[in-house]
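Dropping a structure here in structure tokens format, bear with me for questions.
By written order: A, B and C. Residues from 1 in each chain.
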Amino acid sequence: MAVYQVSLEIGQGEFVGIVGPNGSGKTTLFNVISGVYYPEEGHVYFEDKDITRLPPYSRAPLGIGRTFQIPRPFGSATVRENVAVGAMFGARGGKVGVEESMAIAEKTIDRVGLAEHREKAAGTLTPVEKKLMEIARALAMSPKLLLMDEAMAGMHPNDIDQMVEFIRKIAKEDHIAVVAMVEHIMRAVVGMAEKVIVLHQGAKLIDAPTKEALEDPRVIEVYLGRPKEVQAC
Amino acid sequence: MFLEQLGGNLIQGLVLGAIYGMATMGLSLIFGVLKVVNVGHGAFVMVGAFTTLWVFNALGLNPIFALPCAFGLGMALGLFFYYTTIRRLIKAPELASLLATFAMGVLLEEIVRLGFGSEFRGYNWVAGKIDLGITVLPLPKLYASIGSALIALGLYFWFKRTRAGNAMRSVVEDSEGARVCGVNVGWAYALSFALGIGLTLMSGVLLTMFIPVGINPYMGGPYTLKAFVIAVLGGLSSPYGAFFGGLVFGLIENGSYTLFALIPGVEPFALTRFLSFVMLLVILLIRPTGLLRAK
Amino acid sequence: MNKRTHKYLPLFPVLAAYIVMFIIGDNVAGMWQLVGMLAFYCALGQAFNIFLGMTGYVDFGYVAFLGVGTYGMALALTRIKNLEAFGLGIIPIGLLLALVMGILLSLAVGAVALRLRGAYFAIATIGVNEGFRYLIEGAKIWNGAEGMIFTAQMNEAFGRDTASAIMTYWSDIFVLVIAALAALVTLVYMRSKIGYALTALREDEDAAKVMGVNVTKYKIIAFITSAGFAAILGAVSWALKTPYVFPPEVFEIHYTVEAIIIVLLGGAGTLLGPVMGGLVYGISKYYLSIILPGFQLLIFAPVIIIIILLFPEGIVGMLKARLKGTSLESFVI
């Protein structure tokens, strides 16, 4: 059982960080929220609607967007086409047409700063560009809740600060975008999140405003205390 | 009288089922370790059948001697196809390996056809029979069945006891972990594929011991379908499940034949073939990962 | 040129190819048979491409739809009384019947198979053509394993001369029309939400789902369309050309192999690909049958493997890359 009895609540426009060591259940939690897994017990509510058994493609038009830790671009399509897909199927209940989606895509691509790469095949972008495109694609969905999975993984510390600033800005500008993050990297968490939920071995350890959570001795022990398990050969 | 006939047919079904099961083990092994579906499976069975023909006719030897020949040829073919094609396709989208193995099958069929001609052939191995009361079983069929079971058993021990076998099992569980522990994953893949093909060719030999006629370059088709039905029945990546799935399939196939023969105005053989196709769809609908829980 | 024409520009090379084929066949002595064969391969490729090319899923039982379509036309000709009164009207009836049967079969198969991912889907489709064939033979429906011959019916319905003209000339023209229609539908899909959904699910099915794409729905759309075209192709190119239907022949996996070769060779998922693939394969097969008869699959099977390993984008895919940035870019997709 990957995640057990975790309850959490994310309010409109809130900026929440979900952290925890490897195997603590963060990705599973994400998969349950975005619909990749259905929980055996428990419910997922979105804007007072029970979406527990809704397939992922039905959750997107409701306003739930997601980026992946390792970006998953539609490699042979252009950046513009990639981002347009987000708008076409994820925004406004999936009722946006092709041309309008392209227009939304253009705007969103400009916002993230990828305008010059618009017509490139998404598979040819650099890793950082792919991350930006991943975000643009999710933004094109006009999400109310944006699940960002380890978005900073593998990034240079300077880049992380910039990215943090950027995401804060976007979230504020779009008002309703709520960003929930999953991060090892404390720097990003401190920079972005108002409150932090710490998971440990599938259970919720603490749910508190950022500073308080990160200074809690239990959290420190969880991250620093345990030796990593070595795989037996 | 009917029950006797049904009973007899069921025994024959069980005997044949062991061979079917063994035939599918190679398929399951390849899928289990490499995650590659060998769509050209039937063509390899056919190559095994032709090996038997050659051993019997050209070398004048008992088909049992065809087994090591087929296995050797199978390993060689497996290594050849692995290093030229499969190796590059492990990380590729699934479609690529599906089409590639399909093309391999077609290639083998054409080579055999051009080499041996497309007529139907057979051979006649007279070895006596055994009378079981409700049915008579020619000894070759019995040998084939026992041979299948022995090979399955042999595979079991090989996986459990030998280093290579254990290495392969570890790769199935966790290829990254295996790599870290010093397993040469590339070589494990190559060996698994070669072994799978070797097993498949041997099953062609055993099959001809059961049905020594109708050997032609295109005979493989029906066996591909049967193998897939059995594989999904027993669990696509479990060779042992495949063996038991084969037994079940053999029973159903022969049992249904007897029952269909009772219905007037139908062609029982064709309907049995239709049934196996329906079985495939039904199992895939209910539980694609395998109906029988095998280890 | 306004925006609308611009959208349909890529159709021009396709139509041009078919028109040139027609002109050559019609005016050069002895070429019509070859053109007929090429037309069939192009149409087969266009139809198959709608599924294989656009979704990235391979249906190994594809020929079943061609077979079922052939039966559709055959049934129209053999089961309807008073054929003479219908005359040429039998043909649309047969086409409709073929289409309906093809769609029904695709729904039946798709209901199970399309819920499955990648390899499982392929496995599910492996037995479809054989399965259907053995259903017909086993349950002895539609004359079972004996098949049906309907030369007499064709003569009765159309009159000897017209029947002959249909068999040798008009059916091939129909095939070209089918090929063009399939190309049109492909382009319409490509330019619409359907096309984007299919591209997304082909590239990364899970990411597509998370973006809101109902992957099953779009797979079904592509599957049914592809099957429908195959059915009317069978009705026209098999039933109307050679007035008999014989189960082992119309459900032969050989045709699926050819469809795969054509789509891969030309460029899976492209519009022009099936045309190029059909022409290259057809012409190669034709000349091989003269100099090295019976060798074409032996040669093309490794060709498939080489394409998969080295040139997965096919002829048109490579052409597209070459033409990027030039004015011809919008003609070749």
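Brief remarks follow.
Following the convention adopted for this analysis, a contact is a pair of C-beta atoms (placed from the backbone, for glycine too) under 8 Å apart; a residue touches a chain by one contact, two chains touch by 3 or more.
Owing to the predicted nature of the structure, the values given are computational and were not obtained by experimental measurement.
Ranking every chain by how far its Cα centroid lies from the centroid of chain B, the top place goes to A.
By the count of C-beta pairs in contact, the leading chain pair is B-C. With each centre defined as the average position of its C-alpha atoms, the distance from chain A to chain B rounds to 46 Å.
Separation between the centroids of chain A and chain C, computed from CA atoms only, is 43 Å.
Centres computed as Cα averages put chain B at a distance of 32 Å from chain C. Listed in rising order, the residues of chain B touching chain C in the complex are 37, 39, 85, 88-89, 92-96, 98-100, 102-104, 106-107, 109-111, 113-114, 221-222, 224-225, 228-229, 232, 260, 265-274, 276-278, 280-281, 284-285, 288.
Taken together, the chain C residues at the contact with chain A in this complex read 191-193, 196-197, 199-200, 203-204, 206-215.
Chain C contributes residues 56-58, 60, 112-113, 115-116, 118-120, 122-124, 126-128, 130-131, 134-135, 137-140, 144-145, 253, 257, 260, 264, 294-295, 297-298, 301-302, 304-305, 308-309, 312 to its touches with chain B in the complex. Residues 34-36, 55-58, 60-61, 66, 68, 72-77, 81, 84-86, 88-90, 94, 97-98, 137, 141 of chain A are the ones touching chain C in the complex.
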